[in-house]
Amino acid sequence: MKFGIMVNEGPFTHQASDSAYHFAKAALDKGHQVLRIFFYYDGVNNANKLSQPQADDRNLIKLWGELGKEHNLDLVVCVAAALRRGIKEEILAEGFRISGLGQLIEAGVAADRLVVFGD
Amino acid sequence: MKFGIMVNEGPFTHQASDSAYHFAKAALDKGHQVLRIFFYYDGVNNANKLSQPQADDRNLIKLWGELGKEHNLDLVVCVAAALRRGIKEEILAEGFRISGLGQLIEAGVAADRLVVFGD
Amino acid sequence: MEDQFEDLFDIEGVKKKFMFVNRKAPYGTIYALEVLEAVLISAAFEQHAAIVFVDDGVYQIKKGQDTKAINMKNFSPTFKIIEMEKEDADEDPDMDMVWRIIVEKESMEARGFTPDDFVIDVEVLSSAELGAFMEEQDVILSG
Amino acid sequence: MEDQFEDLFDIEGVKKKFMFVNRKAPYGTIYALEVLEAVLISAAFEQHAAIVFVDDGVYQIKKGQDTKAINMKNFSPTFKIIEMEKEDADEDPDMDMVWRIIVEKESMEARGFTPDDFVIDVEVLSSAELGAFMEEQDVILSG
Amino acid sequence: MLHTVNKSPYERANLDSCLRLAQKGSAILLYEDGVYAAVKDADASAKIEGALKDLSVFVLGPDLAARGIEENRLINGVVVVDYGGFVDLVGEHGPTQTWL
Amino acid sequence: MLHTVNKSPYERANLDSCLRLAQKGSAILLYEDGVYAAVKDADASAKIEGALKDLSVFVLGPDLAARGIEENRLINGVVVVDYGGFVDLVGEHGPTQTWL
């Protein structure tokens, strides 16, 4: 089955990004396809490479990047949401790309299921 | 009267920072002192200088900086909250400084009133 | 980087039913504004769209919003654009795109509102009707 | 830049009553964790502190939290440190610092809990008692 | 003391908690999405109508205007203030509890 | 279809809205702070107990464990799943509505 995933919150303040990550990983483990993960609203903060969590805490920015690399995932950060929030190429973490909101609609059209994670 | 202000959310997703800004401005207009504005939790995102709001929208990052300059305000970003969220010196907006959480307690001790804005 | 994913997205001619569920009040949070941007983009993809206002979402389309004193952008005029997109879709016989703008009756009445309070024309559905319509969707976006 | 503000903060010997109001469940949001960091810092300033759990905040001190499967940091052991700070303050006759750890009775009971469910010893106050105590505070921090 | 509530009474329990703890004679300011609690003839109106017996209730005008809530729709007895009035309320009362 | 709720029933109206709209035969997954709705002998228990007549109700085990909610405290009839089970639920049902 083909999944699309939308992430609406950043990597710390809400659990949404954690839940989305575990969902994506479980879907891939089950042999499903994850067509695209689209980061919208504060979700764009998942791509801030300057983020430096405490040593004993998880680093979702890295985890997303690694999962993306392992499974050749398309991690898309919404350009409009990102501009507002100051997420630009110069601080974009590895594995993410910045693109338009159309990519969310496209994922919704192409996927069998689109699942939203947010607050 | 001496006020301290705590801002717990970023400049877009919640209205908290807007409300805090208008409150601070009104307090200063009335001749009160604002000892310190402390940015905690996602509030640290108010200091991201890369933020580029739409042309017809307000730019709170700049507005905070300008208010700070005009009234010699102490705009303090919590270092622990900021590190997690990737707000570092290299993207710190003018007028803000990064410091410890003790500065919040200190503001609470020194001010006649500490007012919290958040979600 | 985009190219490597293109083959995954062969959506030429695919038409889906999108529902945008708006449950949040305007200005207190940005969700209402940013979801509108997604609604407008979906028109470019000529997808079916149901724009639904339920719970505090009904406050988004309240008439008379004046944001001067809070210095935030008044985005309620954007709903007029959505209304126009819907009218275009309704009137153009060559366009296979059905848009609906729906308010849940229970949410509207709980807040003391009638359709006269809104900046756009809306269909009013009961929770039971809206719940059944939700089951017919392909993609439901909430924010 | 810090120096220019120093004269504003002549707080030597000033003692205030801080209340930390915890209304949010753990893990769903980070507030519970980050407010704890503020509580701990307030000890360094030897301020009075009331750490209050009301509404979903009572879930923060539930026993038996195991975050392995969600891969987040289990911060509930930190409450033990707060309990120790309180004991130190209680026992040291030279330290003028009163700490209280309070759970609102109504919030606890609504969730089906008793004090046995919690990782730390708490005082249980009714809403009326807690509301009156809140009025006595100098600074109330919520997050 | 002053209690402030910035959440909708339809979506969140913040106002309920505030009213449960607020002592007779204290003040409440409704702002941001909290202003919807001040609207009369609506399902949540009874909360503030009841509160007015023991408490003074204020609502922030700029947030009402932004949301298109006309002042003639407000519950009788609720007082509209601007940001300056917000500052005054904080100054006149003891500590402020923000019901986040 | 599948409805998911990630908010506490004590603090937010998300679960109420979900239950108002959910049609007979559909499924609900409680996760994140939504798992508290699955606890028995508590003020909010009646919501899910009532829902179980018409709907199947699931709860995410990893979120229960994180919050220290023992499985013997769950309402009878609620089924515990892991992230893989979450994926299966999404796959088996039609669209997913996330009640944010």
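Annotations
Labels A, B, C, D, E and F are assigned to the chains in the order they are written; within every chain, residues are numbered from 1.
Criterion: a contact is a pair of C-beta atoms (placed from the backbone, for glycine too) under 8 Å apart; a residue touches a chain by one contact, two chains touch by 3 or more.
Computed from a prediction, not measured in an experiment: that's the story for all the values here.
Listed by label, the chains touching chain B and chain C alike are A, E. Ranking every chain by how far its Cα centroid lies from the centroid of chain A, the top place goes to E.
Separation between the centroids of chain C and chain E, computed from CA atoms only, is 30 Å.
Distance between chain centres (mean CA atoms), chain A to chain D: 34 Å.
Counting partners per residue, chain E has 6, 10-11, 13, 32-33, 62, 82, 95-96, 98, 100 as the residues that reach two or more other chains. Within chain A, residues 8, 12-13, 15, 22, 41, 54, 57, 114, 116, 118-119 each touch two or more of the remaining chains. Residues of chain C in contact with two or more other chains: 23-24, 27-31, 55, 70, 72, 138-140, 142-143.
The set of touching chain pairs reads A-B, A-C, A-D, A-F, B-C, B-D, B-E, C-E, C-F, D-E, D-F, E-F, using the touch definition from the header.
Residues of chain F that touch chain C in their complex: 1, 13-14, 17, 20-23, 26, 94-100.
Interface residues of chain A facing chain B in the complex, by the touch rule stated above, are 10, 12-13, 41-42, 45, 48-54, 57, 61, 83-88, 90-91. Put simply, chain E touches chain B in their complex at residues 6, 31-33, 62, 82-84, 86-88, 90-91, 95-96, 98, 100. For chain B in complex with chain E, the residues that touch the partner chain are 1, 3, 8, 15-16, 19, 22-23, 25-27, 29-30, 32, 112-119. Considering their complex, residues 19, 21, 23-24, 31, 54-55, 104, 106, 127, 130-132, 134-135, 137-140, 142-143 of chain D touch chain E.
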